[in-house]
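To keep things simple, chains are lettered A, B, C, D, E, F and G as they appear, and every chain counts its residues starting from 1.
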Amino acid sequence: MKHTVSLFITLSAFWLLNSGHYSLLILFLGFVSITLVLVIANKMDVVDQESQPIHLKRNIFGYFGWLIKEIVQANITVVKHIWLSGESISPTLKKIKITQQTDMGKVIYANSITLTPGTVAIDLVDDEIIVHALLLKDVESLETGEMDRRVTMLER
Amino acid sequence: MDIIITISSGFFLLVGSFLCFSGGIGLLRFPDFYTRMHAAGVTDTLGAGMILIGLMIISTDLLVFSKLVLVLLLTLLIGPTTSHVLAKAAYHNGLMPKTLNNHEKNNAKETSSSNP
Amino acid sequence: MLFAATLAIFITMLLAIIRGIVGPTLYDRILAVNMFGTKTVLLIALLGFVMGRPEFLDIAIVYALINFISVIGVLRYSDTHQFKHSPTLEDPVEKED
Amino acid sequence: MNITLALMLQLTIVIPLLSTFAIVVTGKYPNLRESVTIASCLILIFLVVNLYQGVLAGESISVFWWELLPGLSISFDIEPLGMLFALIASFLWLVTTCYAIGYMRSHHEKNQTRFYACFAIAIGAVMGLAFSANLFTLFIFYEVLTLSTYPLVTHAGTEKAKKGGRTYLGILLTTSIVFFLLAIVITWFVAGTLDFTPGGIFTDDVDKVLTGMLLVLFIFGIGKAAIMPFHRWLPAAMVAPTPVSSLLHAVAVVKAGVFTVLKVCVFIFGLDLLAVLPTTQFLLYLAGASVLLASIIAMRQDNLKARLAYSTISQLGYVTIGALLATSSGVIGSSMHIAMHAFGKITLFFCAGAILVTLHKSKISDMRGIGLKMPITMGAFFIASLSIIGVPPTGGTWSKWYLMMGTIETEQFVLMVILMLSSLLNIAYLLPISFHAFFPKLSRFNASASSTKSLENRLPIFDIKEAPLPSLIAIVVTTLGCLTLFVYPQPLFELASAVLTGRE
Amino acid sequence: MVIVAFAIIRMKDLFAVVMLLGIYGLISASFFIVMDAVDVAFTEAAVGAGISTLLMLVVIAMTGRKEKANRHKPFSALFIVLVTGGLLIYGTLDMPHIGAVDAPIHKHVAPRYINDSMAEIGVPNIVTSVLASYRAFDTFGEVVVIFTAGIGVLTLLSVARRKESEEEISSINDSMHEQHLVIRIVAKMLIPFIFLFALYVQFHGDFGPGGGFQAGVIFAAATILYAMLFGLSTARKVINQTFIQLIAAIGVLLYGSVGIVSLMSGGNFFDYNVLASDPIAGQHLGILLIEWGVGCTVASVMIIIFFNFAGRQELHQQKERVQNQEPS
Amino acid sequence: MLMDLFNHWVVITLMMSGLYIVIAQGNLIKKIVGLAVFQTSVFIFYISMAKVEGGTAPILADGITQYSNPLPHVLILTAIVVGIATTALGLSLVVRIKEAYGSIEEDEIQQQDNQALSESNLEKEA
Amino acid sequence: MIAHLPILQVIIPLMAAPICLMLKRTQLVWLFSIIASGLAFAVSILLLQQVMASGVISYELGGWQAPWGIEYRIDKLNAFLLLIISGISTVVLFAAQTSLEKEIPKDKHIFFYVLYLLSLTGMLGIVATGDAFNVFVFLEISSLSAYALIGMGNKRQALWASYQYLIMGTIGATFILIGIGLMYQMTGTLNMHDLSQRLPEVEQSRTVLAAFAFVIVGVCLKLAMFPLHLWLPNAYTYAPSIVTAFFAATATKVAVYLLIRFTFSVFGFSFSFTHIPLQTIFMALGLVGIFVASTSAIYQNNVKQLFAYSSIAQIGYMIVGFSLSTVTGLTATLLHMFNHALMKGAIFLALAAVIYRVGNVELNNLRGLGRQMPLTMAAIVIGGLSLIGVPLTVGFVSKWYLLMALIEQGWWPIAVLILLGSMLAVIYVWRIVEVAYFKEPLNKNSTIKEAPMSFLIPIWVLVIANIYFGIDTRLSVGVAEAAAQSLFGVAL
């Protein structure tokens, strides 16, 4: 139920931000639409903690800050290597252990890896992630577990 | 104030477009699929983000601003997801990356996959 | 500035097209299409500003969504069926006639 | 206008069609079916005779059904030529039916119901044709006649019959649609009407070349008249059972053809116009050539029916010549020749059929001495031959006479010679048949396998084995007709001369 | 664009061709934006790059992706094409220049739309007012076209489903979202918003680009996404096939009955002025209703089309699996 | 001159290539792709004639006086729908053809049909 | 309601189609479609009456005046066609239920009726509308439903035929779209009447010429005119019989209508026939079409295919009449449209009955059917006679007018060629007659019975119409002539 409420709130925000027309008719239609979407979403069984990760809310902004910093750094490296000659890269494929328990956590971790240029999470099996990296050192920095630790912290 | 807005947005836009352009070059220059994907990732994240932020700065309307935010969120959500799915599909269908250190492993995998 | 950015995006799109045509593997093409799509989103956003009608961002959103769905679709329908067994898929250098 | 007579006129067309229906319904009971046929024959004759009397009494009888397009109507009108034709046709229908009953039964033909039904439709078409008041109505019945006789021609259902049927239909339909219809359209376009009008429908200032071409189109278009290049259908149609052949050659089809030619010449073009048209000469010679050539070909035929068919082609040429001569004697001769030839030829075909049914012979070379077995039949054959040749005491004399008169009047001496020559040829190809039939011995020296066979046949000399009774009666009736017409040609003559003078 | 077109000619790999077609659709959509046709761009993006590419993918999955080498000589084709092109070039010689303000098309009918539509209809998006009111009947025709296509696909592809095989099908299907953890979660997050976005587009067609058709396509796209990830049978359980046919029919009927109601109330067919006491309000109401009709039909037909294609595809897959099992 | 009609040259080239694909290619799916290219080129043609120099998208807003012509946009919206409808139907036919003939190559299908025809003729003669 | 007749004409079947989808029972759907089609027929009769009495009816959709909104413009020409289309559709529908039982799986019957009604809607819409773009929209409705209907055929060739038709049809429609675009570009309007007023101003421009060429080629593709006819024979052969009957009788007529409408009303007589050697081209193509198609028909063994080729030949006649560009010529074309609809409707319905009983229409399997199914075969024969142009059938009337038109212009040789062409018809019709009546049945003790009443009634309605309108030509000729005259009145 709380997920539904949360979805309702986010949907309403979405509508209000997008609409730009706040006449009575449009608002009413918006309400009807949101209700309809809620009905469909419930029927489709997509309203749960996976789609509405309200339990993560507390720490997520801090994590985002950190992630953005990482992304910027990684971007600079990759761009550098793009403009350097092709010999400078050292593509690597590696399995990395992860410590997250929930699916949500795993997904956040995997997506974070992918978001950071230079590394891509290829597969996610149980508690291992196969990572492909443009540079060997990227994998090594992943293996140090900084990101892993931060994501695991999110879960709590 | 106007000057600041113009300059800052110009800065973001320029950096963003440079990043995108670099990504495009990388897409052409990198040797195999997986490495190219990294190049594409550049454009998806920081490139797109920079440009959108640049636009946000010059937007005068709340509506436009909020929509730009939405676009940004979507890009950040969808970009890595597609990359990941793509990589996974490629990997599972046997497309092996060219890597420095796993030539032997690569060969072993190929032989094993050729006679299941 | 906007023009410069538009031009850069435009060139990037061209590069993506070249990758899409050259291939060589299926996944390179999908990647190119995907990248092309994301760049289109940016392009539209920029164009809206260039032409002084920024409220067309809706279209950009639609593009982003459609792009996502297309890629999923590609994978869904390349992943399952005969492609798995097709030897040509693993062939990294596909022949263009 | 006399209402009753108008009704009768319509009945002449409706009765055969009704009888068709009745025949189909009663198809399962042969006796009933045939009585229906006979009954409708009798009714028809009754009607036609009544109409004839009406015409004699000077009644003007016409019926208007409806207008299809402006100036294009279906309507009927009685004039002497049509009356003449209708009289012959209705009378000979009865006779042919009698004959057919005997023939079909003894020959155990299949699909007899279809046979009688189509036969009745054909007669209905002939009636409509005879009484039609304009070219369009005539054309319709002309086509109906073609289509309704097609099943008769292919009656046997064998490959050969179908091939013959195809030739038959192909030539008749092609000529009628490509030339005849075109000619009708042009006529309508030029003259604005299609009504048969004494003296023709074209005005004086009409383009002579155009109408000349039109005449050619008409003569070629009326394929049923079997002018030489389009005569192939007639021999092809000989695959049909004999009653059909008699119908085709004597009663319905060919007579319809020459009747149409006459009608067109007299009532569409008018004799005056006809005489000055540039193409008339050409057509006359074509018809002449047709007469001669057909006769020569006839001599070379061994199949009796084929020989008779070619003879018909040549005789039809006579009628065409008569019509094209554009003189009153020519027209009278033509009209009478329609009747005379009808009686003569039908007798000949009846005889041929009788021979086929009783002795199963169709080759002339096999027929030596059969006169001894079938004296009545062969006697009739002889008399009919005389009529065709035009020797007294038969009806054929008169028509030939008038035709000759016509050629002399117009000083067409070449044609006269052709007619004479053709008569000689007639003698040459018809008389020997009956001659050999009765006097087989005289030709024994041309001995061959066939003559020995005929010798065997000759042994029981008085073993008379005549045709079935109904057929025999029919033969006798028509033969008598040939003779009577010599003695009493008056009604025919009156009608024929009334053709030109119009209704009294 | 031209490059892409030529590439399509040369390519033998159908998969690549379809990818290129997607790119082609995106380019042309961008082009439309440059040319000020935002509504068209919206639609072309959703249709040309989205739905039609998807459909082709499904079909290729069934038919195989390799094209045979071309054996016949294309000279005659080349000839026809050249003649057509020549004719067009000939035709362009006398055309007004692009963007010329004084071209006849900008002088005759269009000015009224631009100048008076606000007063007559009261909708800022001129395209919408032309589409839904001035030329409402064309749009009705368009809806009927799409309805026809839906029924056509149904007749050609619908298969009588057998119950016992359904379990098996679903077991394969569901593998997609089991395996792809990442996609599953992202999609779950996105789907409700896509739906809402579709509805937003539906109701804001008056003010900006969009309207019933685009909304319908986006709505359908969300459903398709769901079906692809969670399996066709799951999606079918959520959205019943018969129900959706009903919706398609109702959409057409809704559209038509707006016309009939206006006809009953004394106006001409599709004359919305008579729907309410105030003409502008009547126009608003009429446009709102017919946009709904369009949206319903388009969304449901698109879903029908996709479901049927995908259903066939699963059938094929299943058959193939049976064949593969038999020899082993 | 050349640049003024630049759009038209593009359109014509696209149209020609689309038409060429439809006519010359043997693969059924490719033909449908060709149709799509062909139709899209026509759309571009319509849209480019609607453009007005200095105009913007035909959505009324304050302070803008010059709008592009909305009518072709409407027409093309309809035409796009028609296009997707045709594509969908064409593809469903392709699917069925593949099931029935086992091939989606024009010449192979033609061959199978001819074969079937001659076989049935043979039966008749027998 | 009387004022709304033009729109009701199209709306009735259109609205009926989705309703059909809601009714669950096949029987009910069938009845409902008949009612809808019958109502459309009634409306078309009223319309024709009204048009004949009071001239052109204009109906403004949405209440917007003509060049801005869409206009329905009913004159004598399209009232006549509306009558043909809705009439044939109603008659054919009567036989649909029985015929479908044998040819289409049960669960698709409802779809069939829906598509059928949509196809009817499309055709009526094309004919009724006065807006060039609206033509395209309705053209697509009718074509799309046609593709699906043809694809329903139970042989696999049906799919291939439908696909070919789809490709050709779409190219044709797109060509028309290009043509309309070019016209629009030069005039700024889409309304046909408005176009006809404005086109003369820009008559000399090459763009208009190109527009004309595109529209004509596009229409001719739909029309299956001779060199562009390749899609038609297979489509007609393998489609479900009811569909064949309906389309053969109506679909090409609609295309001919478009041809006439565009050349005479929109571009104007003087433009169409003086700037372009249209007459020569169409005359030649029409004639070649007649001969090539008729000859192909002779060599067909499948009777449906045979008559499909014959349809192409008959289109040739219409084209020849059209190419004369005289009142009589056009009358001939219009008449032939009406008459051909009657003949082909009857013939193909009868073939549907044969398929119902025998299973297919290979010539060999028709052996002896003349006796087993006398009424059905008689219908085919009468229809065939009508094709040949035998007097007292409708075929004669239209041929007569065609000949008149040719002779009026002094084109004698062509008149002869036309007549020779109908001889070819004799040959192919006679092949069937021979087989049906003069061959023994394939299987001596086969128990093929006469077709059920649900076939016989519609078949014989059409056959009797064939004969009736061959005799009483007031209606058909009167309307056709008036329509032709009005077209020239507008153009000159």
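In this text, a residue touches a chain if its C-beta (ideal position, glycine included) is under 8 Å from a C-beta of that chain, and two chains touch if they have at least 3 such contacts.
Source: prediction; values computed, not measured.
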{"item": "Each chain counted as touching chain C and chain D at once", "value": "none"}
{"item": "Required steps from chain B to chain F (each step between touching chains, minimum)", "value": "2"}
{"item": "Relative to chain C, chain with the most remote C-alpha centre", "value": "D"}
{"item": "Identity of the most central chain, Cα criterion", "value": "G"}
{"item": "Chain pair bearing the highest count of C-beta contacts", "value": "E-F"}
{"item": "Between chain B and chain A, distance of the C-alpha-averaged centres to the nearest whole Å", "value": "14"}
{"item": "Centre distance in Å when chain A and chain G are each reduced to the mean of their C-alpha atoms", "value": "61"}
{"item": "Centre-of-Cα separation between chain E and chain A, whole angstrom", "value": "31"}
{"item": "Residue numbers of chain C (touch at least two other chains)", "value": "16, 30, 32, 51, 53, 55-56, 58, 61, 65, 67-68, 72, 78-79, 83"}
{"item": "Junction residues of chain B, two or more chains touched", "value": "23, 25, 32, 37, 63, 67, 70, 78-79, 81, 83-85, 88, 92"}
{"item": "Residue list for chain F, restricted to those that touch at least two other chains", "value": "15, 19, 49, 56-57, 59, 61, 71-72, 75, 78, 82, 85-86, 89, 93-94, 96"}
{"item": "Pairs of chains found to touch, sorted by chain label", "value": "A-B, A-E, B-C, B-E, C-E, C-F, D-G, E-F, E-G, F-G"}
{"item": "For the chain E and chain G complex, residues of the former touching the latter", "value": "87-88, 90-96, 103-110, 112-113, 133-138, 141-142, 144-145, 147-149, 151-156, 158, 160, 245-246, 248-250, 252-253, 256-257, 259-260, 263, 267-273"}
{"item": "Residues of chain E touching chain A in the complex", "value": "181-182, 184-189, 191-193, 195-197, 199-200, 202-204, 207, 226, 230, 238"}
{"item": "Chain B residues within the chain E interface of the complex", "value": "77-78, 81, 84-85, 88"}
{"item": "Contact footprint of chain B on chain C as seen in their complex", "value": "1-2, 4-5, 7-9, 11-16, 18-19, 25, 27-28, 30-32, 34-35, 38-39, 41-42, 45-46, 49, 54-55, 57-58, 60-61, 64-65, 67-68, 71-72, 75, 78-79, 83-84, 89-90, 92"}
{"item": "Chain E residues touching chain B - in the complex, by the definition given at the top", "value": "180, 182-183, 186, 189-190"}
